[in-house]
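Below: a set of structures, written as structure tokens.
Two complexes, one shared chain (subunit A), two partners (subunit B, subunit C).
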Partner chain A sequence: MTGPTPGPATPVRREPGEPGKSREPEVTAPQGLLDEDRPAETARPGPEHSGHTAPAREDRPWIGASVGRREDPRLLSGNGQFTDDIDLPGMLHAQFVRSTVAHARITALDLTAVRQVPGVVAAFDAQDLSLADITARLGRPLTEFVPTGMPVLAREKVRYAGEPLAIVVARDAYAAEDGVEAARVGYDSLPPVVSEEQALAPDAPLVHDEASANTLLDVSMFATEGIDGTFDEAPCVVHVETRTGRQNALPLETRGVVAGWDHREEQLVLRTSTQVPHQVRTTAARCLGLDERAVRVVVPDMGGGFGQKCVVGREEIAAGAAAIRLGRPVKWIEDRKDALTAAFLAREQHYDVRAAFDAEGHILGLDAAVVCDMGAYSCYPFTAGIEPLMASAEMPGVYKVPAYRVRARAVTTNKAPTAPYRGVSRPQYVMVMERLFERAARELKLEPTEIRRRNLITQFPYTGVNNVTYDPGSYLESLNLCESVLKEEGWYAAKETAAAQGRHLGIGYSCFSERTGYGSAAFAQRKMEVVPGFDISEVRMDTSGALVVTTGTMSHGQSHETTLAQIAADELGLDIGKVRIHQGDTDRITYGWGTFASRSVAIGGSAVRLAAGKLGEKLIAIAASVLEVPPDELELGPGLVRRPADGRTVSYEELADIAYLKSHLLPKDTEPGLTATASFDVLNDGTFSNATHGVVVELHEGTGQVEILRYVCVEDCGVAINPKVVEGQTRGGIAQGIAGALFEQVTYDEQGAPSAVSFMEYKVPTALEIPEVSIHHLETPCAFTETGAKGVGEGGTIGAPGAVLNAVNDALLPTGVELDDTPVTPQTVAAALEHTS
Partner chain B sequence: MKPAAFTYHRARDVEGAARLLAELGDDAKVIAGGQSLVAMMNFRLARPAHLVDIGGLSGLDGLRTDAGGALHIGALTTHHAVETAPPEVLGAGFAVLRDAMRWVGHLPIRTRGTVGGSLAHGDATAEWCLLAVLLDAELVARGPDGERRIPAAEFFHGYYTTALEPEEILVEVVFPRPAPYAALTEFAERRGDFATVSAAVDLEPADGPEGAEDSGREGEPELVGGGGRFRAARVALGGVAALPVRVPEAEEALVQGGPYGPELYAQVAAVAAESVDPPSDANGSAHYRRTLIRTLVAHACEEAMSR
Partner chain C sequence: MTDDVSTPEHPVRQQQLISLHVNGEAHELLTEPRRTLVDVLRHDLRLTGTHVGCEHGICGACTVLLDGAPVRACLMFAAQAEGSEIRTVESLADGGGLGDLQRAFSEHHGLQCGFCTPGFLMLAEGFLAERPEASKEEIREVVASNLCRCTGYQTIVEAIDDCAARRRAALRARVEGTAHQDENTSETVPPRAACEEVPCGSTTRSR
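== the complex of A and B ==
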């Protein structure tokens, strides 16, 4: 019973719309790829594996098939249940009194009038609830990282406009808002720190007294010896400075919670829209001073999260505290105005980066300074280090960079705090790297694709200057395929024709890889004090032979109910209809890290496969006793165990009947019941998905509009469990990447008041602004996961800004103007085009 | 984003609604499609103590052409009803109205939002306000003292302010004559947004059909030769001031210049850009707005003449 090989070990190209149908490899295998004939035990350097019992290939039809989303019937028929759909007897509604100023000492907070508003039941401030602060920490010296507490409700000081000061609980959401209006807050204004420049200015006012120079994180890393000499002597040095706009991850479903005390269980139940149920439980228990078992987090259907919900929200905790105090359920649903101004934001970064090249276009060195404007607080559990640490650790990306130096800082400002957002710094540093290569190509008169080819990593595993080891990918192959698609479709010719007509077409690429499946080792390397990594899965088969799989991951739109079921169904030879995925209930699984950082299929999916495999062993053990043969003469088949030698079979129902209802028939050392639990962690540097994005744009002279004429993505996420889901993830990610490149920006006035308070100002693109995307698949199976899959949640977002910006700048080439800041707005483009003769 | 408390009144007829408005005074607001007012109430930017809902009144919707060739549009007519009006109701002479509807928000907004609501709201970049100013529409308001007709040129006073008295209800807009060579175009960063700048033109080619009957495209005389000059022209812009404005300098340039064609349109568009003093705000600088005017006025002329 050797393990199945996940698929061909060379990257193979799959035609769009032909999932799972492999053609002849069109590209040669990069060296270092694993030999598919080697047994899995040695081919997989991952953690210790259980012996696999999976059925023969023909009985495993699910992985690689574009199974229709099992979530869709309920969601499309209006039968989903989101947090706001929950209506409990006696339920009250909460809203928050929020700071109207960016930076001030609180001189008075009077809720007397609030409590007299008709319909208001109660109002609590920080003093009333006396909750412990939420403090995110890194295991770094104070010179590198300064921990700052985030109070659940502000006391003494407010640090951004929108910061919660008090919770108002009322019989309905209208009265709650009336109550909020009645609050009297006295402020002693402090000068606001609204930008990175203001934060770092000498004598700047301090957002947190303990964080001098408003700096929460300051790390200098790598500093390859001799790097200054490299830059001094290099024939070509290019420079990119870019500022990227602050963004909102903007889940369609805003944040929200329904909190209530369960008297029978003596337990606070938080029904909340979160990507990380167990972290909310741990934090809520600590803030409220409860044993952790006295908090249960249950997650209803979710309408997105994108990272904004992978940190613990203050409002969730405050609503829980209010529910306990009042003995009645309390619902808080974040309204869109608060979502736009007071929710966790992301992405406002400043890069100042130089790259040295030799005359042939080989990169010699990379020297980077990164400053991230993290807003008023460190998010829990990731801290304000999340963006700068990601940027500094991974910037060299897919290229063979021999020398590297980086200083990365997180500054605190009087703006809403930030959280990880799909891609976390990678959309930005990939854009910077791709701009550097384009710029070097121009200086050295090389084709932009050619200079990349000369620098892409092609030998795997590759350990970079950043001490990261990259597992095999199709970096070069994806670029070549993407370029050939655009060439074959005639876009290079179209660009020339357009230029002759005085029109402005441009073609741009971005190449990147994306670390997915961060295990505890990778997060520990970041020196997080709370170290995510493993995940646990429990499988349980009932007497009808149906399987319930409980996972610690938390789908908030990623179709885990479908993909994880595919994995379990294949492992046990079950029809997918017999498999049900259960997630988002902290009482049903020991612990889990939820869903973020493209971890769920890589880590959670592996745990599911291992747990299912263990159950398979148990089924075989019982069957062996029934058939009175040694277990190694048996194998799993479709819903049964069989003995190939004589064709005898025992169905799962029969085995379950014994396991539960006739346990006296069980073998001596076998426990009753059919359950198994397994955990999985990635104990090395993780696994890297990769892609190349190719974009063709036209710039319209009279309006400055950037029209995307063509968008091609060649992606490689290893074994695609469900190609249609992969494409959905990729398309959605690209839409968010385009949003950052061309549309969205959270803005503030000089006093730190948010000026993008509705969708009129915060210009999230609609379906009409997002082009069709064609997606081509390559497949380099991962050796570190149980299914060969790599993560795919973030890649689209990571690749889009660089490709779009390069295309825009390619079109702007005749003007001599280069645009490196995002978003690139029509007004900016129109101004640049005025430089056209 | 929940509105402050208000009292809801459902009107039975226009007269009753007007009486009620007179009684309630400044604290009352008329609501029909609610596409602007409800959003403002949810932000608590508007906090009317009373809403008088005229949405259910009969006889205030629909399009009709009178014997003189004028088009009457009831205030409760939705944008979508105009967009989908059949040619026998909305002929080629008023095709500009139908075509302009694609710029109004998104489909769900167009199916609820009303022509009268848009005009009474008086947004400086709203398509109906621009069309009314461009085509010399008359707005018919009914109050406790009866009906009065207000020319569009006198109706809009500035940002969200109009000549309507608090107790008056807008019941109809009248477009007095066909405009077979008119067009509206605009630019916004996203489709469906209020325009950064919108431009509309109404041209009368000297060799075009004079006072053309609203008889549909067929049978219209073709524009042939004849020196290609304009007998008259109207140009209006939105997004450049607190209310939609006519641009007499550009109109003059259209009539004086010639022959018509891209060169003339570009000249006229440049004149228009220099004749207004657009604001600088989050949606665009004055300089950028002038760039848009140069583009959009020319596009509008071309679209108008391609009819």
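== the complex of A and C ==
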């Protein structure tokens, strides 16, 4: 692996409507590629392949083409197979008895009546199943991190309303729910801790006895020497304090599992909707006391995840234990109420941040305190440290911050536990940074875009005050383009006109980069005990020349069956129809880290390319023996190996025929079969996608509605394997970012009861709230991923809240009111507008 | 009618015999009165294309057509659907391949994880039958009936709008008596009304 190329980035701009974002229908042959639009040196993805086997350029048409999605036919025709679509012979149905109180000692748990309910087959509590706890750890001293076990079923104590106490198994889901209602639970109530302030108050009741001050993580980092002096002497110091609402990642398919014991393989098979199949396998084996080979995790089609399914759920393990006990398959499908109240939540954070600026608007220092309300338990494998550690490591973002100090804490409360949700702290700290720059711009009477221009990183690689090295990106170029689009479209003029009419238009931006492709080095730096990072890919060509690629990543909407196939097809000169991607079966790949943190194309895609490249070398070796020429005279072509010197070729089918069916013809020392395996890891600080979002809003008096009139996103994710998929990820991410900025929140009353138990209370935005998004692409290829691609899954969500909030505040400028908390509700906007008059 | 089904293992559970017409096929089944239409479609008839997202009528993943009109199959008991023509996503296929609405969703990337998609397809199918001239704004308003967590809705709106436009063009072409060459697929596309295979109650009223 090589480091990023020094020097300024030279991004290539692709315009909307150019072939890269074609509106053509499903493509089965490559369409007009981007070659004409790109300078030669960046026209092809990534670095050239190290070996000599890669097909010539004209035989690699797939990367960069908006190929039609391979997933679509089954999903559009009702032939997808999601977890709840599975029906096994003799299958039983489970639901959970859950705590109705937030904090209490369990004085009684009586399941006698449950077992007498018609249709109920069994009910088990923690004592019945005696499973080991799920415990996530960091390799940090107890002063920094306190590990806390999460029991699969609560025993002795409950720590949030919705915590599972017992599993009820019945002949059908209706009877299981009848059974749940018959449970008798006695509670000795304890005072609930329902806010960060309560958690940190002196003499606060303890959620976990071992975590004093209800603090699971407390780290102070960086503390640049002389930072206090910097703040004392700075001509401009601005302050932002912000709180972000507790959200639900909200995959439309709730969590679920079908567990069953396979007698022939002596294996528990968990068919479960998870982003991290191998982590579920490892954890289930430990909790159940099984050899890991005795657990197989198979992932059906997934209806989204967004992080909520990238941690191990206790219910999937309880269902597995029940299936083993009963000798029959057990299905658990989470209902929406449980998904809203008892599944992993996210996002509730409190930032208190100061920034110092010189008189010209250059940032001099950043001093931050972050407290994340992680709820009742640490999630596996990331721990409750995931959010504060992300925020503290990366807050300086795209700006040249010379001095930095941060204290970041995770507190535990009597609320549903949290998991890393799309963006993981970055939506929040980007919003805070962008608010700081807006506030400084106001004080220093600078244009909001100009103050950013004076501070954006423009020379790469750049090693920040946070010890993170940023690979090349287009931070300044994306801001300039985004601003010029809004100007050319007349929004600045429209704002003036509207103001003259007494209307309230505002324009807001956010600039950010998103570290993607976190390798084992980055996670090890966070001191995770279980260190994600690498991914493995296996390619296998059969006698018909068709290729199956198995990877450890786990698509749950990201179109991997398409994009990873594009990578493999290009590497071997195959038609994409000859390539099949296989994911989500722990028995088919040694280990994998699944899909989260925008890692799959950057890391998984690189592993796919490397494995395919290895297979290409083997194909060439066999062809060399067939043609009786040295291998270095051969190259891969479309479905064949050829010798350019004389034009002789051997097809993959012929080579496969030899590899499998006529192995006596194989060259000496060549093993039969056509398979290859490769792994890829990122051993530096990863690769940074970047974007600028520009938003125009109008605030409506009376209703307090925030109407988004225009949304422009200029993004750079390096080489876009499939531009239309990139756009889909970006738009979908932006919708979730807007949801957090303006709509969604779970609050808790003082007893710890959650406010949102249905979609009546949890306001998921619809097509009337989410605007059209105009996307412009820049392309600064990654120098060290195998394809030049950077991750793109989270960027939309990261950029949206800051841009929306800045636009709202721009519109509120005449009122003197500034809003820093999200979600921005109609009530707060209406009240702020009242302030005008 | 009702039946008392009792076994030693499972005491009395009320069941009733109902008949449902789904995608042009008649089914008779014995079911508990409290069983919802979506559960019967999915688990008794094994038509698992229709999904369950909330069970309280808001997300729309379970949308099916009842006599041509979109309904939430999670908010109805199966017994309430007796005597009606029910259509699910499984009815949309055009011969062996995808129908025009499904193809439009694919072309526009109107789906990612695909979980909400059958609901949007049936919503659009019902709506376009009633309002073939719908504007893009009207389509967006109807799309707001259901929830999608992946796409941000834009491509769903575009897919439905594009499908509506092609259907209108095909209909015009038929009225003008000339076969219409679909510019994107180069296939001869008959107008929607002509390729409707499944009898579906009140969708006929819009023709």
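Here is the rule we go by: the second predicted complex is superposed on the first by the 794 of 837 C-alpha atoms of A that agree within 3 Å, B and C clash if a C-alpha of one lies under 4 Å from a C-alpha of the other, contacts with A are read in each partner's own complex, and residues count from 1 in each chain.
Note that in this section contacts are C-beta pairs under 8 Å (C-beta built on N, C-alpha and C of every residue); 3 or more make two chains touch, one makes a residue touch a chain.
Owing to the predicted nature of the structure, the values given are computational and were not obtained by experimental measurement.
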| item | value |
| --- | --- |
| Which of subunit B and subunit C A:Arg286 touches, first, second, both or neither | neither |
| First, second, both or neither for A:Tyr174, with subunit B first and subunit C second | both |
| Which superposed partner A:Met760 touches (first subunit B, second subunit C, both, neither) | both |
| Partner chain(s) touched by A:Arg580 [first = subunit B, second = subunit C, both, neither] | neither |
| First (subunit B), second (subunit C), both or neither touched by A:Gly78 | second |
| Partner chain(s) touched by A:Arg731 [first = subunit B, second = subunit C, both, neither] | second |
| Touching partner for A:Leu768 - first (subunit B), second (subunit C), both, neither | both |
| When both partners are placed on the shared chain, which of subunit B and subunit C touches more of subunit A | C |
| Which of subunit B and subunit C A:Arg336 touches, first, second, both or neither | both |
| Which of subunit B and subunit C A:Gly702 touches, first, second, both or neither | first |
| Touching both subunit B and subunit C, residues of subunit A | 173-174, 335-336, 758, 760, 766, 768 |
| For the subunit B and subunit A complex, residues of the former touching the latter | 1-5, 39, 43-44, 106, 187, 189-194, 282, 284-285, 287-288, 291-292, 294-296, 298-299 |
| Residue numbers on subunit A that touch subunit C, as the complex places them | 24-26, 68-69, 71-73, 75-82, 84-85, 87, 118-119, 171, 173-174, 250-254, 301-304, 306, 333, 335-336, 556-559, 724-725, 727-728, 731-732, 734-736, 758-760, 764, 766-768, 770, 772-773, 796 |
| Sites on subunit C touched by subunit A in the complex | 10-13, 32, 34-35, 39, 42-43, 46-56, 58-59, 61, 88-90, 92-93, 98, 102-103, 105-107, 109, 111-118, 121, 140-141, 143-157, 184-185 |
| Complex contacts: residues of subunit A adjacent to subunit B | 173-174, 176-178, 181, 335-337, 701-705, 743, 747, 755, 757-758, 760-761, 763, 765-766, 768-769, 825-827, 830-831, 834 |
